[in-house]
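Note that the chains take the letters A, B, C and D in the order they are written out, and that residue 1 is the start of every chain.
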């Protein structure tokens, strides 16, 4: 993708630009001007002005013969003029993703199968787990797997250091908690802020804490669900990325609710990871902007 | 429906029997024996044994030439033997229903339109409201309408006495809170226990209390919903009858969430009322059994 | 909305621009340039480039102190340069809508109730029907109602002339077939092309023609649905605007499928009308672009 | 499960009985009488009387100390009296299932992962494919895999003989076409009648034949879906077991529709297989009765 363009068939890049700034008139015109100046053609564009925070958000895909340096140079005055946070990337570049897991395999299987099938633009240099249960599954997909027990404050601290080391080593862009059943320390939450996604096995803000399916059964709810959200130190309260529900009835036991819910967990988490990897997820205070 | 059968073309009744008792072997055989003895044919039958409470629940529709007295006589020993709570009714008999409302008309309109269209087996002798807003709408459907302001403890107590008087006067079997925006007193909750349905404009246990759509917006949820539940003195905590959700995204304002949610409220409440009127809703402790 | 702006508090217009043209680089920049030149602020913007037809589509909402003449003047060179079809309107202006009906009232009730509740940006100067059944319902909402029987080729032709006369007389922008049970003549389809929406009581392309619920029952489908589509002379084949389905099971009779399906018909048609009235529906050959 | 019961702790069997016969009064009483006579307790029971065919269907789960011989003896007079088709099995016994596949792995992965996770009561002695693509995936789950090319009438006939041989050899009770992309011969359809399930990558009867996602794109549908159905010689017309849909919009390419649809295919097929394996799927002419 980054090879030198030949004279007679210039390489066409496919860029994805995401940006946010304080809202005001003229932003779109300024950005599109930089795109035109870079001989770009817009293939997809979405924008949103938040009434809550006064921020403007934009995601635009651009085909162009301009390389990164040229495109960045064209965008630079716009970024400066509007005080933008802007990110430039190539469409489809696999996001370096660290997966954390425990014993349940359904989310890990769903992520790795989709990745394997070419449906998730990620690369997974490592799956880390506090149990060895999923080694064979992860091995099958050719992904390195490491496990270490977390049974005490000391082993927990050690495991978290291992996470941070892996993030550094592999230049990780996204950490996915694929039913990782340990609560992250506030320090780790802070270190991974905005790049760590959890799947919660409930329709938040429905049932928080432990055993949400047991709570759902006791309450007799008619729909159960799953929520993918950013991890913050405020447990189960991070910005929501995606939610799904499925209908159940009185005849379902807690065990059946668990089994039924796992489908929603898998697809909800994979969907959130896909959108994040495609740079469709932006943060707007405690809310997310999803450019589907 | 209750006229004497002629010799050559005996009237065929269509009965619906609902019952519950402590679970044990032989119940179905005993009930079906009474049905056979009454020359009945089962047209619909559902049952459920609750692991939580050890109760057995059954709903059965029976076509028979046996009238009420004969059928009850056949069932009597079964009821006694098993200590059953049993209810016998005719399929399709309209349930006497009192509707309480305030200013929002979407639920009242949905109920009355469906009733008018023959889709809801209820009769509505009265709509009571703490505002006059919906008088024209209710008038159009030919339903009596009364309103009185609720602006103080005294007027509230008076309004609740009016509710109870209407329940007595019309022999009301179901009270529907169709976006009635007053909290019922514990005494009234008690008096209407098991026969009063509320629509809550949120996916319970999601957002309780006031302004759930504002809470949903602030939290950035991706699905909003509505919950029909029995009224108990424990606010928003009564047994759930039906729930529905609809997908929303970051771009929706609170006002739009309200408008979107009203559809779910209307259909969720009408669905719950329909099932209740068809005797498909049974109470199992804090949960409901819905024989759809 | 169109009064002269006063010197010290200039009127702020809220414009909605929809456009389509052959795709190419620079369109967004050109359009946003005209907006900037008109002191406009973009409050909502969506665009789509169709791979099928090579057309580019855009819908943009703009707040500006520029009135219609000034804004059109700013856009004129862009329209000419790109050979655009462009439509400029004020956000929220009620669309002049003619409703055609027969005997079934659920869709008409849903449209008129939502309109009455301020949820549908339409005005309805007339409901025309080939039966008198719905007169009282339509009267209640204060909408003029006319009916005439369609029982022969002659009465059908006469009725269609009445439709066209009403379209002229009221400068109708949208004709809604709210379960109008007559097939429009090819001439009428042609005359109303792109501004006539029908609700089909099936999940197209599932069951076409008469009695789709009977077909659905015979086939034992597990989901039934409704489809709102543009009317073309190719029966049930016009571009699809919106579809919804609902789950059913083997125990449902044809009559129950009909009742269940009516909910989907009502909300699907009202949704399509709402999007059309908000200028969110654009035609791309045999497909629609929906800027939700 | 079938060991001799000890005197002091008699083995408790968990039976599932499915039956159908011409409808008439007294069936439930007769069946429940046989259950009582066998010291059985009903843990789940569903029934349905088909107006279309006049058939009565029942599925009942029974806990009892009676073994197969005793229970069958108790049921025998009922079966004879009513001319029943009756099947007696143990709840949870894994169904012997043959999986046919081609190159697409999503359905096979979903089936094998769920089976592996204990969520599908099946055993899979063999996966047969006309391509070698999925060997590694199937190997990982420890399931035997065989492949042979189907490129001519001769190789096709040979492959079908291999299928029938495998059915015999492993006493197969269910054949699952998990995106097996060959049309079965009428003879094979006949031989597997009532025990062969296909997943069709469309919401039938929507788009039949090849490339349904391309058809869906061209038609601009707003929902795409998948249908699990029994295989008959009438292509894509066999009785429907389960259907699901998912919302899409104009911006989706055919390739994206394919990817989105695969999720629905996987879960729809797995759901149908689960219900079949639990003996919840009964045939009623061209329709299915699903006792969920």
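Definition applied: contacts are C-beta pairs under 8 Å (C-beta built on N, C-alpha and C of every residue); 3 or more make two chains touch, one makes a residue touch a chain.
Which chain is which protein? Per UniProt: A, B, C, D = Formyltetrahydrofolate deformylase.
Quick caveat, the model's predicted, so the values are computed rather than measured.
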Query: Which chain's C-alpha centroid is most distant from that of subunit C?
result: D
Of C-D and A-D, whichever chain pair has more C-beta contact pairs: C-D
Field: Rounded Å distance between subunit A and subunit D, as computed from the means of their C-alpha atoms
entry: 36
- prompt: Approximately how many whole Å separate the CA-defined centres of subunit C and subunit D?
  reply: 43
- prompt: What parts of subunit A, by residue number, touch at least two of the other chains?
  reply: 44, 251
Message: Applying the document's contact rule, which stretches of subunit C touch subunit B when the two form their complex?
response: 44, 105-106, 109, 113, 117, 119, 136, 140, 251, 259, 263, 267
Field: subunit B partner contacts - residues on subunit D that touch it in the complex
entry: 24-26, 28-29, 32-33, 35-36, 39-47, 49, 247
Task: Write out the stretch or stretches of subunit B touching subunit A in their complex.
output: 48, 50-51, 203-207, 218-223, 225, 239-245, 249-251, 253, 284, 286-290, 292
